[in-house]
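A quick write-up on the structure given underneath.
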């Protein structure tokens, strides 16, 4: 089941540099593991903004929630969730 | 080059039913042709809304513009365009 | 799986009274059938507004979408969908 | 008498961890006591957000206000209150 | 129990003058009857706007809703409802 | 002459508790003195919010301004002022 | 007593040209009479918009309201009223 | 050439009192000098707000900009600029 | 003197096609004449929107206003004006 | 390929003056180098605001993004990107 998620990141200026670097490294590893599993199907950067549009393919709302609150950057993010589905004009068989 | 586009459709109530049906049929054909060509890479429906999120892969802003203003439903749409790029945390080689 | 939906209804002033009555009757029947099935778990009226907050319990986003676009009043509604889940402080075993 | 309440929580980053934990524990106990009493009828989490939608069943506005300002997290919350009532299309006898 | 209500009136330009006059006369009578009963405690005009702030004193949300949807101008109004209560700094014994 | 005022209070978290208590005590005394004089005609609390709706009856804009900037909590408030007048549907002789 | 008023004008496209011309002529005469009386102290056009900022000097809110609802264009205007007063840094004796 | 400017002032709470007093004194002197020169034609206070509406009469955009960024309070202000001109209904020969 | 202008065009659906074509032809000629004169320095289309960003170089606010209200499409446009000036980091001698 | 970018700058008050000066000097040099290269085609200041409108001419979204995130002031900016193209009414051969 698909969800469109916009994440805007705001790192506080007084976060120590090494702490920020450590969180960002964990964030990247966390994201890549979920991408590899197929649950985080796409991630794109918005040009000129510290933000991404992502597509998640999860079992249900609960799994989506657990993935999002588990983000190492979660407390520094503003998140917008939109449930999606296959569009009737899509030429594909599935929702990809 | 990637763009994220949100399209919200508002069909006027006084549009004759056959005219609406004809426009919708042309819209679907137009979209599917562009999907087949690879320029309209994804299209998803927003649950409960007459709207879609789409990803376009075009040569430049001009090509994107020509595709969007050529939509048979263009005059009944509100459109928001966001330029995208490959995210540094993506596990893929390209911007897919 | 739960979704919170806000529906705001705007009946156009030039809709003939009998047509409006017929649509409203179908809307009520449609809603009550879904309530009886358990898919439309709650519906409450907002005091002083032609609007409701509803809770849906559906299989997935697609089922929610089909229910919402099937509403006889759909074309006269503005709809906002929010995916929900059981709250960790809830005293209930399930998501009710 | 029913009220729909949306609560968005913003814990300040400089709140000491033990103080935060203590407040959250009190918040949970406070909420569960009110749920057990029947006054806090429902609480659901919004997927991906540190927020909930709740339904309160109270005697009047004053009781609602006292419950909300008594929340241990009250000073870290943004709260929106909407008075509700039984919907005329509901299949239930009462406002549940 | 008190509610603060803001009502903004938008009379459509194509409403026949006699129909408008008839609705406005009924609106005034309806309002004055409720004022006399004590349920519509205050009504003030906003300077320069076709709008009012009103204070209602009703039994519960349901009574408020029935009063508001019964307004002859209801379908031409935008309405915002805010539940109120006695302020702790008030010098009065009651909520007046 | 009447004014409707909405006041939203935001006490900074780092204000020392005794300083906050002292300001709140002065605020209450200040408000009650003005209520007793008849200039601050009504004050109601918004359910669930640290905010009030008030009605002032003052000589002119200048007197209103001086009262508001004299509030001990003024620097912690967001204030919205709306000039009011007797509504033509009011059943009262005056603007009460 | 001073008020700042912003007026945005929206003439409906289907208003017959002669009716529009007649209303605009009455609007101009009405405005100029009030300017001559000193009650409508200033009127300026916003560059590129069908809108004005005006300063009114009136006895009270009621007089302001009567002037504004008496505007021949009133029903085609959106109006925002802000009460003003002499600024403490003004070099003038009065509020001009 | 005329400009309408709205200035909202937000003095940070941790600005030392003497520093604030010194800035406010400079602000007042700066404003009064420009008023005396005729460039800052009007300044009015908004009732109940730490804000003013001002009218500037300057040679061009550059002069306006230099005046505004030269305000001692500039870094604590939010500023909105609107270009103005003589209104066709004005009874005056010039743009006053 | 420079101004940045955003123009959003909304052609009403019931405007006869030949009337629309005639207005659009006049709009193009009007714009090109002003571009040739140097007063309309730039015009760019926003990708996917019926809108443009333009830069005007005019004598003063009044000339800008006369140009904008003289646009054949003026009554179908929403217009936002922002006064500009040479940026201190510009590498050019003038404001181009 | 053209992009319109609005940049609003917010320098934190507690940034040491020498650090701010050093960042601003780097920002200016960075901007002027890109202007000289032709990629940052225009930069204009908004009158009265710490903000600019810029036009970039870049190869693609990725190059735009790299330029923007490389701005020494990037972390103190709010940025809005709008893709542009030659307007059909332009009198120029190219998109200048």
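Order of writing sets the labels: A, B, C, D, E, F, G, H, I and J. Residues in every chain begin at 1.
To be clear about the criterion, a residue touches a chain if its C-beta (ideal position, glycine included) is under 8 Å from a C-beta of that chain, and two chains touch if they have at least 3 such contacts.
Please read these numbers as outputs of a predicted model, since none were measured by experiment.
Taking each chain's centre as the mean of its CA atoms, I is the chain most distant from subunit D. Subunit I and subunit J, compared by their mean Cα positions, are separated by 22 Å. Spacing of subunit H relative to subunit J, judged by their CA centroids, is 28 angstrom. Averaged C-alpha coordinates give centres for subunit A and subunit I that are 40 Å from one another. The set of subunit F residues that touch two or more partner chains comprises 2-3, 45-48, 61-62, 64-65, 81-86. According to the touch criterion at the top of this document, the contacting chain pairs are A-B, A-C, A-D, A-J, B-C, B-I, B-J, C-D, C-E, D-E, D-F, E-F, E-G, F-G, F-H, G-H, G-I, H-I, H-J, I-J. The part of subunit J that touches subunit B in the complex is made up of residues 1-3, 60-62, 64-65, 81-86. Interface of subunit B with subunit A (complex): residues 2, 4, 27-28, 31-32, 35-36, 42-48, 52-53, 55, 82-91, 95-96. Taken together, the subunit D residues at the contact with subunit F in this complex read 3, 5, 12, 61-62, 64-65, 68-69, 75, 79, 81. The touching residues of subunit J, counted against subunit H in their complex, run 13, 45-50.
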